[in-house]
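Chain naming follows the written order as A, B, C and D, and within any one chain the residues start at number 1.
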Amino acid sequence: MSTTPPVSPAGTIHDLGYKRYVGTRRSAGTRWLVIARNQISSSWKTWWRYKSSLALAVIVTFIAGGVMFILSDKVIRDFAGAAATTMSDAALPKSIQWYTRAAFLVSLTIGARVVAGDLQSGAFTFYFSRSVRPRDYVIGKLGGMFALMAPINLAGPLLLACARLGLSQDVDQLIGSLMLVPKAIAIGLLGTLVFATVPVAFSALIANGRYAIALWGAYYLVFGFIVSMIGRHSDSWIGALDLATSLDAVALQLFDLHLFTGRAGNLDPTVALASILVHIAAAIAIVGYQVRSAHGSGVGGAS
Amino acid sequence: MTEKRIPSTRSTTLTIAFVTWLRILRRRALWVSMVIAAMPVLYAGAMMSLIGSGERSSPVSGDLFAIELLVLALLAPMFVATAIGEEVEDRTTTYLWSRPIARWSVLAGKLLTLVPLMIVLVSASWSLAGWIAWDRLPPMQTYSALAACALAMSLVATGIASLSPKHGMALTIVYLLFFDFPLGVLPQTLREMSLGHQVRTLSGMFPDESGLLSAAISLVAIALVWTVVAALRVRRIEA
Amino acid sequence: MSAVVVADNCSKWYGHVLGISDVSWKLGGGIVGLLGPNGAGKSTLIKLMAGLLVPSRGSLSVFGANPFTDIAVRRRIGYAPEHEKTWDELTALELVTVMARLAGVPGERAKLAAEAALEAMGMADARNRRVQGFSKGMRQRTKLATAIAHDPDFLLLDEPLTGVNPIARADIVARIGALAAAGKTIVVSSHVLYEIEALTSEIVVIYRGQVLAEGNVYEIRKLIDRHPHRIRIECDQPRVIAAALATADHVARIVFERQGVLIETRDPDRCYDQLAAAVLESGVEVSALSSPDNNLGAVFEYLTGDGGRR
Amino acid sequence: MTEGASLPAGSPPLIGMLGLTKRYGNIVAIDRLDARVDGKIIGLLGPNGAGKSTLLKALLGLIPYEGGARVLGLEARTHGADIRDRVGYMPEQEAFLAGMSAVELCTYAGELSGLPRTEAMQRAHAALYYAGLEEKRYQPIDGYSTGMKQRVKLAQALVHDPEILFLDEPTNGLDPRSRDEMLELIAELPARRGCAIVLSTHLLPDVERVCDHAVIMHQGRVRFVGSIDELRGARGRDTEILVEVKADAARLGEVLTEAGATCQVVSAVTLSVSLPETATNELVFRRAREAGLQIRGLGVRRETVEAAFLRVIGDAPKKDAQP
């Protein structure tokens, strides 16, 4: 089986037989990286699951950047004329809701069936018959989703913030707007975290991928709209349960924009932030719990 | 033994409808859909307790109807695209296509169960929400508009799911939410292509919209396009 | 009598993947075993006959009609697919009843027919249980029941014995045999020769998308005889047997093994005879006699001329 | 199979169980198992529901249990992850990830077991070559035939250089050649890769062909542990043989019946024969020759594993109708 062609009389025959692995194994703490990378590469394969939404985010960035650049000193006022700001200041916070929309698209095509898809295809057996712990799986999948969502939610605002800095006319203005960068990172991180965790929690709750998509869509769109309306009319915290509006409210507050605030205007940004953080925490807890309980029954379940 | 004749299309459609119903009944689809359909009721209840009886203004009813449309835009893909997509994915189409039946009757049978089911769910939710909001049932016209909407969206879902069985559901939701509904707020000519817009017109709740007849015609046209797509496509699906 | 199935230069590709290639074949009736390794094209051919696929080239007709477009001819076909999934939320009785109705058995009679079919497949006790809890053997029986409930003339059974334990297998074979005795035309696919041998002696061998051989199992065995064989003899005195055969011109190689001897021959037919003679003359106690080449896999390789390559 | 375990003397047994019990609520899935299991290829046998899957899960450290379960000397409850790095598991059902090719899947599997990426890739190719998937390994698994999927499952279980392989029904749905090849691969593994194998199957001829040891489970209890030879019992003179002829098994049946044997025609070319007390196989050869028939094969005359298995589990009636 393991012979080389006879080249010369002095030739050697190499043993191509099996070699044991003598190196050390990577520590268990790195397994999540492997899972995360796989999540990214499999999502990247088709054009419509991820790339199309990414393209949308790129377009938003270009438009917002263009608005900043071309209409930089155009002043806009609200109807009462009380508040005013320049276009270049408004472009960044107003673009956040568009990034959110692109992220929602990805959550429909990928996020809301991450765990459900694995449950249906028997992939749990594949994972847990190896030295993968439930927490590695959870961190890996969420990490992968984070990495997918970051270019959409985080990279765009960050680029816009940098562009805004570049548009500064003098050093004072530059220093004055330096805070834009950490603010953009903060809001970007929030958005990324929300869309990397909450849809996945829905997919972990409902083992059927399609139902998970429907329930997540209903929660985000319909329930979100309802609670934000209730919140507006009751002036209560309940509106903060609407993730889209909450993100918007936090963005507007961070960038100090009080124009055309829409539904977000009635929301206390602190409450909105708290709601977002609670959502993220609850989502991670749900995914962790569900994966843990599926873990034991995942392997060898031939009945 | 039995004489050998092919089943009538009526009996085929009814049988498929029966199977679809049994399968829906025995899995989680029903309660998931009930949760979704309950949302407008929640809205109506909350708004009424907040605003009180004095201000039963049109914005709330407009919102309520918009929410019902959103609910349908999720339910229709969930029911229809799942019913078709799973059939192809699980390869149970081999059972169906090897029978002496016309293929479109399979689609018809599924719709025969799913569309009335959706209409019942949405009507119940709409009645309850309306009753809470206005102390009376909403006008008949709105019911017919919702029913037409349920049918039309199901046909859209049928078309898209027959094109892409595996991802039909996500694609249909994206189509309705990110293409159809936004079209509805665009200028006249493009608006005609939006199901959502036509249904709003048909409901009669939005007086500024254009004529009923033209809306009905547009709605039928859009639904027909997707029906033709589905009918052509299903003839070619191999098992 | 006219043929049940006529395939005329029939080919089927899935994209670039070959299903079957240029098959011209006639099926007159009776019970026929469709044999071939995994991926040879058995399922493709069966699906073409069941009207689930359209030939990419050429044509295939069943009872003189195109099964893909002609609805009426599918009334006469019963098909049991290879894969496992059904509408698993239904009970066995519901599933078979529905399938019978879809095949044209009206109303209440469908239920009676379904009960009879399940009974015939030995599933009467489990008929009110949902399919999702069934074992492989029960699923196979349920699938067979869906195929026969509407009393078709032509049965297409794709791998009905796979994943079934030996005892249930014998039972299913007997039940299929009973159907054949009732005058149905039956095509049974399998990748295991002995399963089919227990059912029928008429065999069609599919390999790489083509009909490689067809006919009686004895004729297939003659084909097998045409290529070199290794024969393994386990006995107490292997060297005596070896000595008796060493001079024969058809013997190419003799290898001594732990428990016996392996003889490689170019003419198995003669070798077996001489071997029997040697055993009788020498009085050697033979405990086992077998040939690793006496199977379809070997004949596939031999006939397609690619020896050990895959 | 050759004698001797792959582990040096004094090392812990491959698998050791001490009062291993697993309850699901009130149902006792496995009940006080006590066994030391060694060997190169160990058949794990038992009817459906005997507790095989539960046992494998417990040994992989995936479910909590009472009592002790040690694999390679490691307690599964506390060292599950270490055990799983040293054990390869080939599941019965499909366990693939949508849209991946065989190479991607195996590389991923290797990485998940802690191999560096380059090493995992190299081993993925090697394992796929070994499993006989050469040119097709870059195609998506979704389009594979049953036989190829089984090979991928074997390759992904091998890729991280395990010391033990748990194989769950590896030959299900394979054609004879693929099955032969799969069994050959399995039989070679201990020598070529230095790993022991636990083979869970209901195809008893497979066990007969490749296993040297067997564990038989029934109703949650271990009914037998030991070598295959011990399972078959002392080899006395067996009475039943399987004869294959070139043609016309029925005719051979007739002539042998005349000679006092009890015959049953299995197929057109095979015949099951119970020879009379005093006769040997020579009788078969002689009668066949006199009748002008050619013997093509002769079954091994000993209690088959199947018969031994049925004896061990108390000759319980085989019910396929058990889920």
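Criterion: contacts are C-beta pairs under 8 Å (C-beta built on N, C-alpha and C of every residue); 3 or more make two chains touch, one makes a residue touch a chain.
Please read all numbers here as calculations on a predicted model, not as lab measurements.
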item	value
Any chain that touches chain D and chain B	A, C
A-B compared against A-D, more contacting pairs	A-D
Chain separated most widely from chain B, comparing mean CA positions	D
Whole-Å separation of chain centres (CA-atom averages), chain A against chain C	52
Rounded Å distance, chain A centre to chain B centre (Cα mean)	30
Chain B-chain C separation of Cα centroids, rounded to whole Å	46
Shared interface positions of chain A, touching two or more other chains	303
Junction residues of chain B, two or more chains touched	27
Interface hub residues of chain C, defined as touching at least two other chains	133
Touch-based graph of the chains, sorted into line, ring, star, complete or other	ring
Chain-chain contacts as defined at top	A-B, A-D, B-C, C-D
Chain D residues touching chain A - in the complex, by the definition given at the top	53-54, 56-57, 60, 62-64, 80-82, 84-85, 89, 91-100, 108-109, 111-116, 119, 123, 126, 156, 160-161, 168-169, 192-194, 323
In the complex with chain D, residue positions of chain C that touch it	17, 36-39, 122-123, 125-126, 133-135, 137-138, 159, 162-168, 171, 191-194, 197-198, 201, 217-218, 221, 234, 269, 272-273, 276-277, 279-280, 283, 285-291, 294-297, 300, 310
Contacting residues of chain B [partner chain C, same complex]	1-2, 4-7, 11-12, 15-16, 18-19, 22-23, 26-27, 90-102, 238-239
Chain D contact footprint on chain A (complex, rising order)	17-18, 20-21, 23, 25-28, 30-31, 34-35, 38, 42, 45, 117-118, 121-133, 295-296, 298-303
Touching residues on chain B, where the partner in the complex is chain A	27-29, 32-33, 35-36, 39-40, 42-43, 46-47, 50-51, 63, 67, 70-71, 74-75, 77-78, 81-82, 85-86, 167, 169-170, 173-174, 177-178
